[in-house]
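In the two complexes that follow, chain A is the common piece, with chain B as its partner first and chain C second.
This part shows the complex of A and B:
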């Protein structure tokens, strides 16, 4: 089989872009699966079997990463030398400071048994979900901007947006957990 | 004795095996490329997954062993699949309902007591596999050494490994473990160029699986899977047994739940009643035991009330699976039913309601998994070219981190093979070892997940704390089994990893069992040859005995008669030995010594006949 690229984009034979045609990606995934899957090599030498296993692991890991816009963006950021730490998602984005403060208050009240906080939390959840949808639209625009310009400054912005999205999403999950827990 | 030489390299035949909780089957692809189930010597396609150790020390599998469930319950085991890859602590609940006799001193590996011997679950499963292998060899008239074996999709690493071990012990090279629902989908998709999304609902004897697949130009891509490895027809049987036992207790004034033979007879009766209830609105459960008679009528309505919560328990995993697959119920084009329990009308209705689609039942739900395994065997051996199965791992894989928290590396429903790489370092100057605890499951905390194994990275170059860089690659292969490799990222050299499985057998133990099983096979073979020689000896001994009554015997010289007596005694001396060659040589000697006698007898007979015509 020769030496196979370990970079996901290269393995799929596609450009290193943030916005991808998912149908094309799927077609390539199926074609490469037919080519490399271990099922095609069970009666071949141990060496060929190992190569098939390694190749298919890269293929599957790559497909999982590239078909998900967020994982894909993180992957592209990483290959461009951007550090994707958990740290970024722990710092409160400044524009959210006030909202998060109110949310934490409401969460405290609900934990203390104050059911009147529930309505506020439901409202907060809806607000954060809307916020996430807004962020996703913003990301989509930035993806296109980067693909067109290949500007590293845009990538830095993408990283900031990703961190904000992760932060908001963690909030939604926390609120949902509290609401479900209090209901039970 | 020259051992039989079989060139395994030449045989490319791969069979498909459904190693079930209740029944097991073996299937192959016929000359036309169609999958077909291979019947056993008794003509039955289903081999009950029951193993008994006879008082003579022979292992018997299948229908004959099922009879022993009642006559020799202490020497017989069924539903062994429930114990595969599990530890003693895991199966305490199971033990309340199943008469498994766990041997003293069982710890991470359970040993089951059969009479005076003990066996691990993989060994018991290997007996079943050997029977299937033999059935296939007899039917196909050629040695069979390679197989695809199916497992519940929701089986964890230890359960899969145990199944693979069973194959090795049985002398089978397991080319692939295939998930049962996926295999069923393969069986259904064979002749038709289907496109779209299908769900496979598989309620077997002891396990429940749900899988959702996307079919596209011969590719079967599993989108998500879910299930419960301890939910199945057995649980339904137990409900019925329970009410019958209570009835009997109050009617007879006697609790028979501790009489193995009584419970087994009752089990057979309730299973038959359960099966009848799929077609009739009411039926009877009957038991005759030691001259006493029990009978009660059971209506389908009551039956459904009894099992409603069991059927309900399958729906949660179905909903989770639909969600994980990222599809809406309306997008699911077809539902395929697998497993004997899906014959129950209530189960069918529940599936139809949830998926809003009429379930498919064109193929026999008992056979469809084995047929699919044969299709996968055809894919692996190259005889089926356009199809490909892309399966997923049912459980997330993670490692233990600070504070007993699990850090997930490979998420559930990832297409396999799948991998993840993590870099580890040392905490203390000069540290030589790093221990990695790997877990399977969806929960946050270590204690709530299933411990899979501990990997010991050994002989790390001594360096100041935090300087070592050990890159560890976790790879789940196409069988759903974890492989771990490590290398020193600074030097690029391979790092040695010692694996300590939390449950199941070490490689050395499996090796020991394989050689033990080969020894046993040789022993079995020798014993059979000796038995065959004895049958022949019996024949000649009886003939000689009879000949001694003949006049022709008296016509022999004294020397000739002495020679016969000597040969006869020598045969009797070796008769009970194990050496079939020795027995055969003594038979030959007796044959030679009686040659003259035989000739004389024929002559006498001829003379007699001639005399007869004269009269």
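This part shows the complex of A and C:
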């Protein structure tokens, strides 16, 4: 066995795309799992056994990352220098922060209220989920655009959309926690 | 994950929660967020016109305990400092004071960013004011 590719896409032998055929990915996962299964290495050298173990680790991590569209996008962004930790990758439009802040304030008020606040919370949840769905649709379109063009400008946009999604995702979680707690 | 006593103290008794009038020319407002976790923080300072010293500092944070503690501590430190002294506050100072673990460093960065944003907002407002005063 040669040196294993540590990049997930390369390991699976697929193109570095944002949109993936999940059934193809799964087929490759099973094929590679068989190829590196420890049982096939019991009679091999210690070195080869170790390589098989390493391969299995990359395989599992890679599968987990690549089959989840958000984790996959973060991975591809990172390999292209758009890691969330990078300076400049964090920038979100100030209006978005203002809006998220206001939504959080409203949520806090609803939370402080009694049972009558429930309707408001449910309304807020519907609103946040609609926002999230809108963002997901936007992401899907950008994934396709990037795969078609390989334009780094599109990656910068994907970075921005993912950041925005994170804030909205928080709001959804907060309001759901609240509704679940109120029901209990 | 366990929080240090200082974090817990600020978390349970946050200092200076609230807001200042953002239309006041002597108030600087910083609104920042951490996309890693989706937390948001607002920090405001009010500068005394005569002395140039920060007279009041307020914050409101929707985020984790470390972010709340970092911003609470920041508002305590800000009071009594000049604008330039305020800019010298580093996130590492906050990390040390609160004994934040590595995974919580971005929470202190958020507080430093908030201070910078508030001060720069204040400075911008002051600059806009000058021509008006010159005319008067």
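The criterion applied here is as follows: the second predicted complex is superposed on the first by the 152 of 184 C-alpha atoms of A that agree within 3 Å, B and C clash if a C-alpha of one lies under 4 Å from a C-alpha of the other, contacts with A are read in each partner's own complex, and residues count from 1 in each chain.
Throughout what follows, a residue touches a chain if its C-beta (ideal position, glycine included) is under 8 Å from a C-beta of that chain, and two chains touch if they have at least 3 such contacts.
No experiment lies behind these values; they were computed from the predicted model shown.
Novice: Looking at A:94 after the superposition, I want to know if it touches chain B, chain C, both of them or none. Which is it: first, second, both, neither?
Specialist: second
Novice: A:166 in the overlay: touching chain B, chain C, both, or neither? Say first, second, both or neither.
Specialist: It touches chain C, and chain B stays clear.
Novice: Could you look at A:34 and tell me whether it touches chain B, chain C, both or neither (first, second, both, neither)?
Specialist: In the superposition, A:34 touches chain B alone.
Novice: Once chain A of both complexes is superposed, is A:104 in touch with chain B (first), chain C (second), both, or neither?
Specialist: Only chain C; A:104 stays clear of chain B.
Novice: Considering only the touch criterion stated at the top, classify A:82 as touching first (chain B), second (chain C), both, or neither.
Specialist: A:82 sits against neither chain B nor chain C.
Novice: Which chain, chain B or chain C, ends up touching more residues of chain A in the combined arrangement?
Specialist: Greater contact footprint in residues on chain A: C.
Novice: What is the contact status of A:63 with respect to chain B (first) and chain C (second): first, second, both, or neither?
Specialist: first
Novice: Once the two structures are superposed, pull the chain A residues common to the chain B and chain C interfaces.
Specialist: Chain A residues touching both partners: none found.
Novice: Enumerate the contact residues on chain B facing chain A in the complex.
Specialist: Interface residues on the chain B side: 12, 175-176, 216-217, 219, 376, 379-382, 388-390, 414-420, 475, 477-478.
Novice: Can you check the complex and tell me which residues of chain A touch chain C?
Specialist: It comes out as residues 84-85, 90, 92, 94, 96-98, 100-101, 104-105, 108, 162-163, 166-171.
Novice: For chain A, which residues count as touching chain B in their complex?
Specialist: Chain A reaches chain B through residues 30, 33-34, 37-39, 42-43, 53, 56-58, 60-61, 63-64.
Novice: Touching chain A in the complex: which residues of chain C?
Specialist: Listed in rising order, the residues of chain C that touch chain A are 31-40, 42, 60, 62.
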